[in-house]
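Following are the structures in question.
In the two complexes below, chain A is the common chain; its partner is chain B in one and chain C in the other.
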Partner chain A sequence: MTAYTDKIRQIASKLLTEGKVDMVIGFRKGSIPMMNQPLFIKTPGEAQELIWDSHCALNLANYVTNRKEKIGIVAKGCDSRNLVTHIIENKITREQLHIIGVPCTGMVDRHKVSAMIEAEITAIEESGDSIKISGNGFSKELKKTEVLQENCAGCTHRNPVIYDELVGELVPEQSGVDPYASVREVESMSPEEKWNYFEDLISNCIRCYACRNACPLCYCPTCFVDESRPQWVGKSQDPTDVRTFHLLRAYHCAGRCSDCGACERACPMGIKVREFTKKLNKDCLELYGWEAGLTVDARPALDTFKADDPQDFIK
Partner chain B sequence: MNLIQIDAQSWAKGIEKLKAVYRTFGPKKEKNDLEFKELQAGELPELHFQNTRMSPKALVYPQTQAMFTYSLDESREDCRILKEVKRDEKPQAAIGIRPCDALAFKLVQRNFDSREYQDVYWINAYEATTLVGLACDHPCSTCFCTSAGTGPFGEEGLDVLLIQQNDTLYAKAITQKGESLIQAAGWKSAAAKDAAGNMDALKTKAESEISAFVETDKLKQKKIMEIYEAPFWEAETFSCINCGTCTFVCPTCWCFDIQDETHGKSGVRMRNWDTCMSPLFTIHASGHNPREHKYERVRQRFMHKLKYYVDKYNDGIQCVGCGRCIRSCPVNIDIRKICNKMNSFDPQSCSCEVASS
Partner chain C sequence: MKNLLEHTGIEPGRLHFSWISSAESTKFVDVVKKITEEVKALAETKKYVKTSTQG
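For the complex of A and B:
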């Protein structure tokens, strides 16, 4: 995927030179391994800063919310799905966007890779399907497919769903993957096992809200956890409040989540917060045949009503 | 001071003895990472690590702390009277704390234990704590402690410094508190005469392994408003998502928020870590927010650590160079880069709008 870099720079430079956009949003190389940084550029000269590799996992749709400029934006499959959701939810207009589509083969799971090695990883190089990590006194070759983020391993929308131009050939979509295997595992647990599973899952949450803030869906002017009149949720480390935050955050994303994995990637504690949202994605798919962000021409599952909607859950 | 030599067996024995006298904390494996946790019977602190994910500041300054309880039951005599929560102030020991994190307590002390204000919660907990440091033999690539007032073998803030060489530990008492702890652990074999020299060599080696630095020499002489209005803030803070990660993992971030939580007719007044990254940190009751925009909040964090603190205390930056915020930031905002930008900022040579207007 690193070959995309040149093309992204070319396109960005051209867009800015021709005045077609006011800014281009993309990634630049981060200061530590596996961490690239979202940035905007406003002049063609800055295009050299843009890069692409398997560490561009944050969701750039998060950075266009309510912006007024005309924006060129680098978007892989999931980013493009969140741009669709943004357009549907009136957070940006299609006309404001020039989408530079990136056919994606998945992002590397920084938490997983860090956990594989006791020592600090000080460098990471990528070439094709091979990822080479190294540090003080060690060097190790990994296959990218073995260290993909879980959401990428099970992704069935790797190509952008809307774009104005592409940085490379479309990639084949994965078939035969099962994005919901872990949800089924949880579903098969007894209530007590489920309780313990989720208690353990969030036991080290520090309530920094990185998961919420990395998410392009979380743009409420005041989040429910920040409301004070009434105060829905306490602000302490009381487990009831920590649970409330995670459960409600997930429910607010129902029918809107593209499973981009930005929440999980952002979490400084390595909590698998997608365990919550994935269940709701599965429900939306099974109950309403709905996957978020695939088209601007349909309303999201929880935003519309059909006479034949399932209603067995109403007792 | 004399160096004490501790072999593996007396280390394990000593730690068990300490548990009878102190609540004993140390780095423990916790979900793929290390955190400071209380050591249970038979548990030893991890000694081979770079640093814990969270700083150990919570040992003295917990993320959530009950301060008072109250009743709203009108039929009770003590209705609406705040009652102090009894705190466990049994002596505690942090074994294996890194020198940077120990220095952080000294920095934070300026806030919690000043002439004007004495925060009894923090002070009592701090006084009950003995800090047993573990010198860093392999600093991280993101550690810049030597340009933040300490070093891999830094002693300031510590009561004891432990130095590891192969399977042997050497202990150096730095304060009276440290002497007492060593005594309680029963460690008393004097190290061989040449040990001190060896330790110095290890120190020099560890310091030479530090590869990250920040420049801070010009921060003091800069005008506050010039840095405040510098043109780089918007671009440098664009990626920030305004989560509280940097402030929560930071050993020197000290801000808190006080909340009353009422359940039925009784309640608790508690304090929780707060974060200047959140809009809620500054929003007024009127709805006006003096730090309305993201860049203003990020700027505040860096201005506080690298300028206001520097000006107020005249003793360096409010940062110990542990590098946690760099490693944990989800969007790669790097304090080293921001610090260097602030330090080298020259409004005269800047062709920006601010300078020309």
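For the complex of A and C:
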């Protein structure tokens, strides 16, 4: 995957030299391992800072909301689906974007890797499918497939759905994976067990809103959690307030979420935020045959009405 | 909304949706009766009840 780096640099520098875009959005190496940062460049010279590896898991679609410039943007499968959603929701136009598509083989789960080692990891290198982590007095080889983010392990849209050019050959899409296994598990529980499962899941939440900030769908000028007139939800650590936040945030993503995993990756407490949104993704697929962000030519599930929409919940 | 609430542990029968026109007074009565019965049968909820006074 790291071979993409050269290609990304080349494309970015060409786009900026020819004046085809005003800015390119990609990734640069983070100041600590596994934490690459978004990078915005405006001159061809800066293109050398761009990189690609298995830690580029943030969703760059997050940074194009309401922008006026022409933008070159590096996009893996999930980012491209969120770009589609942005286009559908009039947050950017297709013409403003030059999409540098990255066929993706998944991102490394930083929480998982950190949990494997007691000591601090100070370096991480990858070549092909193997990942080498090292720190003070230790080094360890891992297979990338063992430490993939959960959403990536179950991803069925690894290739960008829209792009202007690609940085490499398309990768085979995964088949036979079940992105909704954990949802099914919860579905089989009793109401009491379900309640306790989610109570436990969010018990460590500190309400820092990193999950919301990392999410490309959360672009409201004032989020409902920050409003005080009216105050939709309490701002305390009371379990009811915490749960209300999670429930409503998930609902705001219904029919829009690409399951990119940016929320879980951003969470400092390692909370599985996706357990909420995944249920809605599964419902959208089963009830409306809808997966978010696959085409700019269809309206999202919650934006249309069809006479045969399931409505037996209304009595 | 109903699905997600029930998925996260609200009992089926607690939450009801209905569409009633202002001309449908009898339907309104029937629906309210049915909801009252079903919710009573579930006993008092402790869920989404804030006990602390903060926030």
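The definition used in the following text is that the second predicted complex is superposed on the first by the 315 of 315 C-alpha atoms of A that agree within 3 Å, B and C clash if a C-alpha of one lies under 4 Å from a C-alpha of the other, contacts with A are read in each partner's own complex, and residues count from 1 in each chain.
By our rule, contacts are C-beta pairs under 8 Å (C-beta built on N, C-alpha and C of every residue); 3 or more make two chains touch, one makes a residue touch a chain.
Worth saying up front: this structure is predicted, and the values here are computed from it rather than measured.
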item: Touching partner for A:Ala210 - first (chain B), second (chain C), both, neither; value: first
item: Touched partner set for A:Phe276, first chain B, second chain C, both or neither; value: second
item: First (chain B), second (chain C), both or neither touched by A:Val186; value: second
item: Partner chain in contact with A:Ile32 - chain B first, chain C second, else both or neither; value: first
item: Partner chain in contact with A:Thr65 - chain B first, chain C second, else both or neither; value: neither
item: Chain A: partner with more touched residues, chain B or chain C; value: B
item: Partner chain(s) touched by A:Lys235 [first = chain B, second = chain C, both, neither]; value: both
item: Partner chain(s) touched by A:Gln174 [first = chain B, second = chain C, both, neither]; value: neither
item: Touching both chain C and chain B, counted on chain A across the two superposed complexes; value: 234-238
item: Partner chain A, residues of chain C touching it in the complex; value: 1-12, 16-19, 31, 34, 47-52, 54-55
item: Parts of chain A lying in touch with chain B, wherever the complex brings them together; value: 30-32, 35-40, 58, 62-63, 111, 114-115, 118, 120, 122, 136, 204, 206-210, 212-214, 226, 234-238, 265-270
item: Sites on chain A touched by chain C in the complex; value: 183, 186-187, 191-199, 234-238, 240-241, 243-244, 247, 250-251, 276, 279-280, 283, 313-315
item: Chain A contact footprint on chain B (complex, rising order); value: 30-33, 35, 48, 50, 53-54, 63-64, 138, 140-142, 235, 238-239, 241-245, 248-249, 257, 259, 261, 270, 272, 275, 278-280, 326-334, 336-337
